[in-house]
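Each in structure tokens, the structures are laid out below.
Two complexes follow with chain A in common, the first pairing it with chain B and the second with chain C.
Coming up: the complex of A and B.
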């Protein structure tokens, strides 16, 4: 294939390559476009097309455009409890995950003996799906599972952790399973962020007498901001998509929004309402991401 | 030396050791012990559940019925796993999962590697919007695509096929593949490529013979990442298929009416690849997350 090398002289109408990129880049509009074209076509077909038809589907009915799907969605008794559960889970889970992940990353940075083994074990849940995580913790929390076995060996009465009428323990089980599964993503991002911070800053702060907490608060955390920011956005968007962990642990007793989409599509066979729910999830994810970016940008500009 | 002797003379040290302030040392040792304790605590939290599901999956059906379950593997049996693997749709689901994973990996490399190379090497017009577009698509929830895609695939006859799931998974993996490969290619010095050109390679030859070999480890890590994503994805796969289920979709759809032993075995089979993948990728994890997400 003749990939034209497009020397700079052939494109006099373009300004010289932007000085921002440090290595001078070859300009090669046609070659580059040729290389990215397949991805653009593919993504347009598989993102653009379904997006448009999804929106049409959500507003579609037997006779023309309608908001009936959204009304049906909102009138379903499970809908509002699924919204509440999802929000509660996110609000409680994200702070726990960030504190835990930060602690884990700092522990690894302190280079304890066997730190590479620790890193491996702590990163394993990164490759575990939420369905698998739910099943893993089902062995612990189910009525005749390992937690109740442990209680029994101490002579205590077993507890129905996942019972319908025991909301706090049901929520706790889903929360623990999600913290177990998804903290490692934040952990790996924070470890990567810590690696890019030169140790000199902290040592300098230490020389001037800053103790561990003030070094962490005034030196490490501000430098980690970009990593924490990406982790926060990524983690929140992914948290909205959690559903199989609750399905595996509690069946329908702890509905989450995406789980409701699944139920409307497969159980109730109503793709229109399912699309409406999917649109809600998308809108909330987008708003969250934009909101975070705005919030974090404002804060980072304020102290200057 | 003289310091030691004078300090000995001034303080009444009964032991024959030089008087040294041992407190920093002791504090250091105490910190090390605390550090190890914290690490072990977190490791227990991460590893014990995996041990327990392995234990449950490797116990006989009968020993899973006993109430205080045993915490040590005293009843090793492959009965539970065998029953699970012989259940309807599991072996087929396993094969489908592997097929979907491999095809997704190949397709996203075929489309993604050239695009990643372009992002890394060329300052083409629209490069920044293109990267923004990729980041945007990464943020889209899977549900948003799955339901409409199911309708479109029903109309085009792709519904309930391996290809349908491959297409969805490739769309999900492609942005990440492009961003990772771009960062991998940025790590290959352009000098070697130019040297190859000077010695008479065509651009394509220089890419295949010089750049690719240097980029292979990073691209392999990206491929494993793609495979893991595909192996774990359950929502889209269950919406897009009916009979050609992948393994997680099969487990999910039969969750409600299956016995506990089946679920434990299914969970274990889903977790095992994670142990292997992370073992091979552990050196690349921080590189991938550190450099791809900005």
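Coming up: the complex of A and C.
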């Protein structure tokens, strides 16, 4: 936060402004209330109420409040494998996505020919729904899909990429599809962040002897920190919710946590356990977001 | 070892039709302090950026120490630079900002510390070493940029208006300090400024630029006393040189506002051949003295405005319908409306061609 020699106490503490001719307070308050009323109503109806009822449902049972739903959830054989799969996916996918997005954004910043066209092309997956993306990649990886046709044309034997017993290739297929679908979000945020950094800093670094990698490490990345932080939080939370791509590609063979929520709700018709699962996802997402904010806090608090 | 040789540089920015630099050639000797002086937008920063390798010219070449660097990236040129916009890294403390170049060069840690302390002392930054740039004033930030450049011991030092944001007193201080430092370092220096006093006091040579071209290149005194054209005379000096419409008569006299004095011989000779020519006369305010009205060789004029400056008094004077500035000692007592005589120092008279505005010399 603050640098050591600028403690908060040293800053001028402005006394609360209190104009002599006091304006009628009541009126000011009611105007403020009136102004935030729409968003309060909106938040209560669309956010607060579903959340409260979700929490109640998660702890709900035939004899009042209980934690039995969580026990059932944890005892389900698919639960722990879905947690493992989700974590593995996040740990492998997010670094790949950030490296790719950063590389693409830096490429666009270098302004090669047709760089604006690249931007739109790379941003397209942003508009593709995850189920559609899953189906597209299914046509590639399925047993008689494009990939096996390609192999056949080289005289190679087809591979059952999405088979239950071929975990690495199944994971790979989900990973590729998710990377393809969701990298553009990171990309768009990083491009916006890069555009707000004046070129001077990189130029100065170059003059003082920094090569491309040093410039990236010592100048561009630190200045890009706020954007990276935003992208990381968004992307991680969304990654916890990965679901439709895996469902389209593998059905139940590659369970993910949110997929389990779906299965409990529709397949097993148990909304209470489904809510318990959803609650776990929410809690983990919140903890992650706070963790990132703490971890990546900007020490310089320097405005650019 | 590190002379700069610039040959025929042309540069047009993309999306612009005007030449930002137009056929600029300039040789800076090793260890020389060269000042680029010119009005805003004349291409000074552009020229500096090409020497630094931040922009590449459309045509022409740059070599440093005999090595062609025209298209070399900046990090391979062994130079350091003070940016007009400072470009002090906002995410690094003053200390690590100053040390940046040395860290990149992998200089030994203790050596870095020693140099940072030296530069911070010199630029009065020691109390701020552990602050971030956002916690500094504009002038302090600018000094960080200067400190970061001088610790480098680079062959070539490029400075783009490094003192522009300092108050008058500090600027006076640092001007002298900078001159000393650069002499110690022995770097070949290209220094951009708007401020002609700074240019005069610091430089070994001055290059006056105008619309992307070098209008005159020479020692500060030459540029001041013998401007190559009307632009240079009018740009350098405070107040700038006076310009008067005059005429050399066939008899060899210089006629200004209907009154005559002696003309220099080389112009008189030419005028005798052509039967008199119009000429533009340039003279600096301090080369005009007040004289007894009607005395031999003096021109009649009327004082319009009197501005006491402390060390001298500046008069605005009407001379046969043309307004000029005259600088007289502060002991002279005149008031507006006075009728006076003016005596021009004949050795300080400069003549310019009416058409081309170029200086006329023997």
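As a working rule, the second predicted complex is superposed on the first by the 262 of 304 C-alpha atoms of A that agree within 3 Å, B and C clash if a C-alpha of one lies under 4 Å from a C-alpha of the other, contacts with A are read in each partner's own complex, and residues count from 1 in each chain.
To be clear about the criterion, contacts are C-beta pairs under 8 Å (C-beta built on N, C-alpha and C of every residue); 3 or more make two chains touch, one makes a residue touch a chain.
Note that the structure is predicted; figures quoted are calculated from it, not measured.
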item: Which superposed partner A:33 touches (first chain B, second chain C, both, neither); value: first
item: First (chain B), second (chain C), both or neither touched by A:219; value: second
item: Chain B versus chain C as contact partner of A:99, first or second or both or neither; value: neither
item: First (chain B), second (chain C), both or neither touched by A:163; value: neither
item: Which superposed partner A:88 touches (first chain B, second chain C, both, neither); value: neither
item: Which superposed partner A:211 touches (first chain B, second chain C, both, neither); value: second
item: Residues of chain A touched, compared between chain B and chain C (which is higher); value: B
item: Which of chain B and chain C A:287 touches, first, second, both or neither; value: neither
item: A:136 touches, of chain B and chain C: first, second, both or neither?; value: first
item: Touching both chain C and chain B, counted on chain A across the two superposed complexes; value: 3, 5
item: Complex interface listing, chain A residues touching chain B; value: 1, 3, 5, 14, 17-18, 21, 23, 25-29, 31-33, 35-36, 38-40, 42-43, 46-47, 49-51, 53-54, 57, 100, 103-104, 107, 110, 112-116, 118-132, 134-140, 142, 144-146, 149-150, 152-153, 180, 184, 188-189, 191-193, 195-196, 226-227, 230, 233-234, 237, 240-241, 243-244, 247-248, 251, 258, 261-262, 265-266, 271, 274-275, 277-279, 281-282, 285-286, 289
item: Chain B - residues contacting chain A, complex; value: 32, 35-36, 38-39, 42-43, 45-47, 49-50, 52-53, 56, 65, 67-69, 71, 110-112, 114-115, 117-119, 121-125, 127, 130, 133, 137, 139-152, 167-168, 170-171, 174-175, 178, 190, 203-204, 228, 231-235, 238-239, 248, 251-253, 255-256, 260, 263-264, 266-267, 270-271, 273-275, 277-279, 282, 285-287, 289-291, 293-294
item: Chain C residues within the chain A interface of the complex; value: 52-54, 73-75, 79-81, 83, 85, 87, 89-93, 100-101, 104-105, 130-135, 148, 152
item: Residue numbers on chain A that touch chain C, as the complex places them; value: 3-6, 198, 200-201, 203-211, 214, 218-219, 222-223, 225, 298, 300-304
